[in-house]
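Labels A, B, C and D are assigned to the chains in the order they are written; within every chain, residues are numbered from 1.
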Amino acid sequence: MYKFLQGICNTRGASSVTILPVTSPHTLDVRRLPTISYFTKQMMQTSTLSTDLNAETAAAMLDAAIQKSMEVGVKMNIAIVDAGANLKAFHRMDGAWLGSIDIACKKAKTARFFDMPTGSIGDISQPGGPLYNIEHSNGGLISFPGGLPLINDQGTVIGAIGVSGSTVEDDHVVAQAGVDAVTAVCT
Amino acid sequence: MYKFLQGICNTRGASSVTILPVTSPHTLDVRRLPTISYFTKQMMQTSTLSTDLNAETAAAMLDAAIQKSMEVGVKMNIAIVDAGANLKAFHRMDGAWLGSIDIACKKAKTARFFDMPTGSIGDISQPGGPLYNIEHSNGGLISFPGGLPLINDQGTVIGAIGVSGSTVEDDHVVAQAGVDAVTAVCT
Amino acid sequence: MYKFLQGICNTRGASSVTILPVTSPHTLDVRRLPTISYFTKQMMQTSTLSTDLNAETAAAMLDAAIQKSMEVGVKMNIAIVDAGANLKAFHRMDGAWLGSIDIACKKAKTARFFDMPTGSIGDISQPGGPLYNIEHSNGGLISFPGGLPLINDQGTVIGAIGVSGSTVEDDHVVAQAGVDAVTAVCT
Amino acid sequence: MYKFLQGICNTRGASSVTILPVTSPHTLDVRRLPTISYFTKQMMQTSTLSTDLNAETAAAMLDAAIQKSMEVGVKMNIAIVDAGANLKAFHRMDGAWLGSIDIACKKAKTARFFDMPTGSIGDISQPGGPLYNIEHSNGGLISFPGGLPLINDQGTVIGAIGVSGSTVEDDHVVAQAGVDAVTAVCT
């Protein structure tokens, strides 16, 4: 678990799931940066994940995924969909593959369509596998890693993130960072 | 011209086009807000619009469009495409129409496809007009207002914004705010 | 308001919105009829419309729409979508137009996409209108009457119904019957 | 064969195929449940499978498939198509995968397109097989189990069922339950 989540978890207890403000150690003067100003401070501090992903959650996921991409040194396309698998937010980092726009979107949708990591589908859609060629459904699925569902503290899937732009391992790591930024289960 | 752009224009000269940080008077402590932290202070201060729209420009446009939407009191889908008409950034405000996801994207693409405001295409695509039913091309165009090209100081189109979620008048106003935030022509 | 809703409204007060069992005066022995047996009696009596349309609501809407179709003497395709505009239930009456399968689905989606009756969109998508040719978006919209959003007692759109198979007037009447069956606002 | 079909088979003879009312042992008072009231008692008792699947057959298949899903403990999308491979009825159980809407529909269509179980196509569409990548046709086929044709007592295919929402084994079992509910071949 991320170190900076510790304090919040300690005070809120094991079952809480909280939207966490994502801050970068490298940011010196964020007052000069573009911000999505309709997210109020109050929203960030008190919101918990409800039955649908909202704008602040999507922005926090995007931000965390971009930060992780910078740490890893990759250029990513990142897509966020809501509980209905409809696009909520998207960002393509400078220099990221154009072909990954659609893949990121399809990964996010695929993860929500089946409420599981996209790579889990790929495991069983291989030749000879039980779901061979499932990718032909839904206008095109992506069944390799990089898509992850977002699950609230009730176990309900409320959206998903899809990342594409590097190896599937990198894509997965960045997607996971997006999910981790908004879900913190203390143990 | 926006008042807060004045100082920069005065010091940099009439022909400069500068990426401007967009700040909200209502924001008290933006350090708690999600920010896209890979935009450095240096990038924000020195960049001029080049031959392709970059991430910071897209974010600044998104942010300005969201702020304008809040001022007007509307819930918008906002899409930004680059010089290649490929999706660069997207945001759907909470409660905005689901059907406007696609329309915002199509408006942005249409504006870049033809380097003009989407409404200008609609003027000549009416029954009897010279471009009647041009909307059938390119997988579907949107030819009513809400899409605007982004033009750099050399007169080159480097991307576009598409906004959908209210009347076409509101959509246009919000798209214009997105463009204005990153282009400042001093006179 | 339907007469058989009166009792429930009187006891629950003006603001209540309740899922109502739809029964036909012509049904003598429904034990012989196919029923969707995972709807329990308890669910039917106590549920109120939540933030997403569920199976029992969808079935009640389908049933009411079919009954209304029989009263009017028309053969309909009826589609129900949920809050995410995803198909929840569908029924094509015997002899109903094959071409209306897609139209019913698109009407339901269109009504949810823009949270309004489909006919309202058609009013402003005519040649010369502000939304001319909006039908080219979202893989094809239907902008004439027969699609209606379903709104819960909080004013949130939680799904929609689309009906196609006769005149647009008939389509609308049948769609309205579907909505009325599950929403009762006493005045 | 299901036990409750026995009596009918015994009295009607081996070659008859009868639409059977599907009842649940758990249902206490079905008069409170939503019913598709245009199915009359007479229709249910005397109909035999004709050359096209009708509404009552589709509803009986849906109902049986839903009951079987509940027994197995899975959440399914169930689609029924007619002799023309056109959608006749659809139901998504609460909590069933969104991605399975399209898969259920495509399984039903695939089963009718080739008048065989969908899994049989998958056997020969593998790499090196005679129908390799047939899934690219018809706007996307699904070639793993869960789709079954419905055959009348003359051996004519009159429709199909497609089920998706769990393992392919579960999908198949539920689809088979849908078929069994309306076809009874006594031996």
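By our rule, contacts are C-beta pairs under 8 Å (C-beta built on N, C-alpha and C of every residue); 3 or more make two chains touch, one makes a residue touch a chain.
Note that the coordinates shown come from a computational prediction; the quantities given were computed from them, not determined experimentally.
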Problem - Remotest chain, subunit D as reference, centres from CA atoms - result: B
Exercise for the section: For copies subunit B and subunit C, work out whether under half or over half of the interface numbers are shared, and give different or same accordingly. Expected result: different
Fill in the blank from the handout: Cα centre of subunit A to Cα centre of subunit B, whole Å, reads 25
Completion exercise
Averaging C-alpha coordinates per chain, one finds the centres of subunit A and subunit C separated by a number of Å equal to 34
Fill in the blank from the handout: Where subunit B touches two or more other chains simultaneously, the residues are 98
Problem - Category of the chain touch graph - line, ring, star, complete, other - result: other
Exercise for the section: Would you mind giving me the full set of chain pairs in touch? Expected result: A-B, A-C, A-D, B-C, C-D
Exercise for the section: In the complex, go through subunit B and note every residue touching subunit A. Expected result: 21-24, 26-39, 41, 44-45, 54-56, 58-60, 62-63, 66-67, 70, 82, 84, 86-94, 98, 101
Handout entry: Touch list for subunit A against partner subunit C, complex
Key = 51-52, 82-86
Problem - Complex contacts: residues of subunit A adjacent to subunit D - result: 84-85, 109-110, 112-115, 127-128, 130-134, 136-139, 141
Practice task
Report the residues of subunit D in contact with subunit A in the complex, numbered from low to high.
Solution key: 97-100, 102-103, 106, 122, 125-127, 133, 135-136, 140-145, 167-168
